[in-house]
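Here's the structure we're looking at; comments come further down.
Per-chain numbering from 1; labels A, B, C and D assigned in written order.
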Amino acid sequence: MCTALALCASNTCLFGRNLDLDAGFGQQVVVTPRKFSFEFRGGLVNADHEALIGMATVINGYPLYAEATNESGLSAAGLNFPGNAVYHPRKEGATNVAPFEFIPYVLTQCQNLAQVRELLGSLSVLDEPFAPQVPNSPLHWMIADKSGALVVESMADGLHWFENPLQVLTNNPPFDFHLENVKLYLNVSPSWPGNSFAPDVDLAPVGVGFGGRGLPGDSSPASRFVKAAFERSATLALSDQVSVSQFFRILESVAMVKGDTLNQAGQPEFTVYSSCCDTSDGTYYYTTYGNHQITAVRLPEDLEVDSLFEFPLVEGEQFNFVN
Amino acid sequence: MCTALALCASNTCLFGRNLDLDAGFGQQVVVTPRKFSFEFRGGLVNADHEALIGMATVINGYPLYAEATNESGLSAAGLNFPGNAVYHPRKEGATNVAPFEFIPYVLTQCQNLAQVRELLGSLSVLDEPFAPQVPNSPLHWMIADKSGALVVESMADGLHWFENPLQVLTNNPPFDFHLENVKLYLNVSPSWPGNSFAPDVDLAPVGVGFGGRGLPGDSSPASRFVKAAFERSATLALSDQVSVSQFFRILESVAMVKGDTLNQAGQPEFTVYSSCCDTSDGTYYYTTYGNHQITAVRLPEDLEVDSLFEFPLVEGEQFNFVN
Amino acid sequence: MCTALALCASNTCLFGRNLDLDAGFGQQVVVTPRKFSFEFRGGLVNADHEALIGMATVINGYPLYAEATNESGLSAAGLNFPGNAVYHPRKEGATNVAPFEFIPYVLTQCQNLAQVRELLGSLSVLDEPFAPQVPNSPLHWMIADKSGALVVESMADGLHWFENPLQVLTNNPPFDFHLENVKLYLNVSPSWPGNSFAPDVDLAPVGVGFGGRGLPGDSSPASRFVKAAFERSATLALSDQVSVSQFFRILESVAMVKGDTLNQAGQPEFTVYSSCCDTSDGTYYYTTYGNHQITAVRLPEDLEVDSLFEFPLVEGEQFNFVN
Amino acid sequence: MCTALALCASNTCLFGRNLDLDAGFGQQVVVTPRKFSFEFRGGLVNADHEALIGMATVINGYPLYAEATNESGLSAAGLNFPGNAVYHPRKEGATNVAPFEFIPYVLTQCQNLAQVRELLGSLSVLDEPFAPQVPNSPLHWMIADKSGALVVESMADGLHWFENPLQVLTNNPPFDFHLENVKLYLNVSPSWPGNSFAPDVDLAPVGVGFGGRGLPGDSSPASRFVKAAFERSATLALSDQVSVSQFFRILESVAMVKGDTLNQAGQPEFTVYSSCCDTSDGTYYYTTYGNHQITAVRLPEDLEVDSLFEFPLVEGEQFNFVN
């Protein structure tokens, strides 16, 4: 389970996510340079494209991205969507893209959301695994640039995509549920409330935070969506607060702490990593569950090459002892 | 478990309650006339007092009131307070009143809250049962007249009493908890809300009731207190809606429906009866769980007598077949 | 805004609803006899059908039903669905049914849900008003018999219908939202809870109702849906409690009390009436906001006629003064 | 507003807090060595005591601690308690301790909770400021060692103290409210829930976190208390997860993010710093709002001195650029 977030202001444009699972999956920061040859399942071969940076597992030299950003600042993240994600047989006349190649396909073919919207008009998500022993995850995707965000869901009845003004995404149910669900929290506010509860009685808050009462604090996908959307808007209301540091603070407010969320097998899910890409220069920042310090990976200078750059994660706690 | 409510406007002054249990207790509407002789455990004998009307079990000719109102419009109700109610040994210099006689004592000695406040200054709740085989219930009380309401709690460290501007009472925890707890709902409103959740995004309610989001809907004492206080204030905000009929609508909003609330023994608790006394003329209205029609009992004309008037409950559903 | 409910057990099968508005609409109990001639907009004329009983406004001799039941026990209710209900131009090859005739059409053409499912395969909701000055309301419908319940929604992309195992319906958003939303309350229970919150600390409930914590208590459509579904299942868990009286208790738990819910114009919405039809014999029971007593209308003996039977509502409080 | 937390397991014993304000207050990590001379307002002078480490503002060479730990592992934190904290005139026969010296007094006089309990029997919190221009903050305190935690509240009617098995503290209302309030969340769980909501209908979670539904997500003191207590117990249920890193993850789950909580003046409150002291060796770990990396300060080797050690905060984000 995961939470994705896009956050842009005049000074900066950020994209990232929490990845919540009960274990890591061999992920590392991976830069795909411009000459890396993508042989897409729909037939397209592309060895001259924008570079990508993001978190991926590399198998047989191929970057299986969880999320990535390209040089134009277009970003995409895949989030778990079990039970609702349905992939389809090869469809004539459509652009058939397998789930594992959805992120590189979109980020190498498009530079902005306008191009993505056009692409989505003919796209079908192809039910082909990366390899026989590497089945596809059930996913939906958030794609964002500085102009906004989209959500893409491949379901039993075909491809759905939506404009996403809230610029957050979590997991089940499908996105249209979340878009209705947030409306159930319209009376929640960051502000010190008046007394609309019992105006005939003298009652006042005895501390801060009373305007936010009603916000959910559990880690279900619906609740994380609500909380993250609230935090995002609250940050935007402070004109000068959009920053990498603040981005991680928002992600932490919807992170899973070991023990608070057990999956059906009784295992703790936790926020394996959190990421934030500064889409203006492609610098990728991350923390891991076990390391609070923000680690940063810059785009290498020479991107005109064909081999992946891999940056193993710094996972142990990096304390700064001052004495 | 129970909910008591006082509701006064310029046109009328009402007092009543839900009584929630897993069974009835032999209750009926009982009028105690003016010459009925009360021999209180503190030593006072009073056979010339205001008449009382309310719901009571009569044992050995004595009215064990759950709630009652006197001719001056002063009312009192006892509500379950297990684990917190503590009654005390006879205390020298104090007015010692046993729990089972608390309601008749207060309603025969006082005509208004000012007199009640004075009485409470010296009152101690005496740990004596009505009879060996009739143990005291653990109770706290709400007392009200047209000027306001009080709550009285006899606990391990003595007698506590509070002004109660919310004019509702339920059960555990003690009253001061509830007075703080309602403040956690200050941002709840009967009104159509704006969008303070995410002002940067275009979101609006898709129906009524969105301002009330956050109100609890369970039957725990804390939640019933919050809901009843909200409903009471919402009624008062409509200048012309205070009526016996509306009073029952408020009580129904916090009633227990058979099945929704099981006690520790697994038995359903339900709203055995709901009551509303029009304190201006002493007419006592009630419904039972099984009978929606409001039954009414008026004060008898001749109250200068010494024997109780008992009115067995109309408990079966009184359908009005129009054809 | 409204709440519909179907509740069947071995002994009885009930169907009804709350109708929540800021005013009445000239409604009364109306029986349509078997020979009443329906001239449906799709072309069908039917003057030999099962009789119907329900709440309707009669205009120009035509019964505009809010909800009704036929002699086979099939029932249907229309509920407000603003912004989502879209009706369509006449469609060739389809069964075109106008919204105002949806209930009589279904209840005169079908005797059970199996037949309704078949009908829905070819049905299109026709965008034609009853009369120029009587615009269609935006509605969706719940249809039920003793075997289950369906929801029917005519939206921009055509007709949707769903099996509805929860057998309740309220208003916006569309039904599939509510079906996901109830899952967010799976940990709520009528029972006395253990302590899964902090098992290392000794904590226990101090009263009943703690298992129900988390249930919403506001009057938004989503919250009424959740509460009504919970109450319905809680009743069914008590094997012997399904009755007309209990049905009204469930409806009261989600009723709007004057003042607690203001619409966008600032006017109070309230539960104008509540109804419960005993579908086994067609007896129609109702209460109004101002009258707690349950009024009942039986099917007239001679139904082989062609003129409507109209039963004006008993709307004033019918107190039962016992002295 | 703040959140304090104690968390001990067989392997380690940790104490710390979030400090939430709208600005810093000149705080830094301060070690008070053993020979530092405390001249307490009650008359006691102590220049031979255990060393203290914690966060403090130093004024005129005096450490005004927000929280601290002594060499025996006894810790104390002061948290905002406005409107309820009342300090008292000098009281004969009592141990009079001013609020600003409460932490050093307790931590230099006591080595464990048993000694603290004894001290509290005669303690009175003295209404004297540190200096005319440095008024006392309204505070209550949590004190903990490896055996448990206490809460101390000086109110209008004198000193109250409580055993605190939940080992968290936030702000208003007084502690006994929070101890009752957590019971309203007993049905919340980290686990995958069954369906107690509507057992007659086939419903299941569509992701993790559904057992936690009902947990509050706002930043009011009551909600932070509930959330922190839940997270603490959830960590303890995982036998091997108590660590400094995990401690900060818990604190982050109740941290205030800039923008989500505005105080009455409309200014954002935020988690100025978070701290965690490893009480076994006195190492003090902290993060600041603007710096995710955990900074650590060890107890200096030579503590047999009389002058404070001051460690200015590392407040800027310490990114680890790996390329």
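Just so it is clear, contacts are C-beta pairs under 8 Å (C-beta built on N, C-alpha and C of every residue); 3 or more make two chains touch, one makes a residue touch a chain.
Chain-to-protein mapping (UniProt): A, B, C, D = choloylglycine hydrolase.
If you're wondering where the values come from, they're calculated on a predicted model, not measured in any experiment.
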item: From subunit C (choloylglycine hydrolase), the most remote chain by mean C-alpha position; value: D
item: Of A-D and B-D, whichever chain pair has more C-beta contact pairs; value: A-D
item: Centre distance in Å when subunit A (choloylglycine hydrolase) and subunit D (choloylglycine hydrolase) are each reduced to the mean of their C-alpha atoms; value: 34
item: Chain centre separation (subunit A (choloylglycine hydrolase), subunit B (choloylglycine hydrolase); CA means) in Å; value: 53
item: Cα-centroid distance, subunit B (choloylglycine hydrolase) relative to subunit D (choloylglycine hydrolase), in whole angstrom; value: 41
item: Multi-partner residues of subunit A (choloylglycine hydrolase) (each touching 2 or more other chains); value: 173, 180, 184, 188, 190-191, 205-206, 210-211, 213-214, 220, 223, 230, 236-237
item: Touch list for subunit D (choloylglycine hydrolase) against partner subunit A (choloylglycine hydrolase), complex; value: 1, 20, 80, 82-83, 171-173, 188, 190-192, 205-221, 223-224, 226-227, 230-231, 234-238, 241, 244-246, 248-250, 252-253, 255-264, 266, 268-269, 285, 287, 289-298, 300, 311, 314, 317-323
item: Interface residues, subunit D (choloylglycine hydrolase) side, partner subunit B (choloylglycine hydrolase) - complex; value: 173, 176-177, 180-181, 184, 220, 222-223
item: In the complex with subunit C (choloylglycine hydrolase), residue positions of subunit D (choloylglycine hydrolase) that touch it; value: 165-166, 180, 182-191, 193-206, 210-211, 213-214, 229-230, 232-233, 236-237
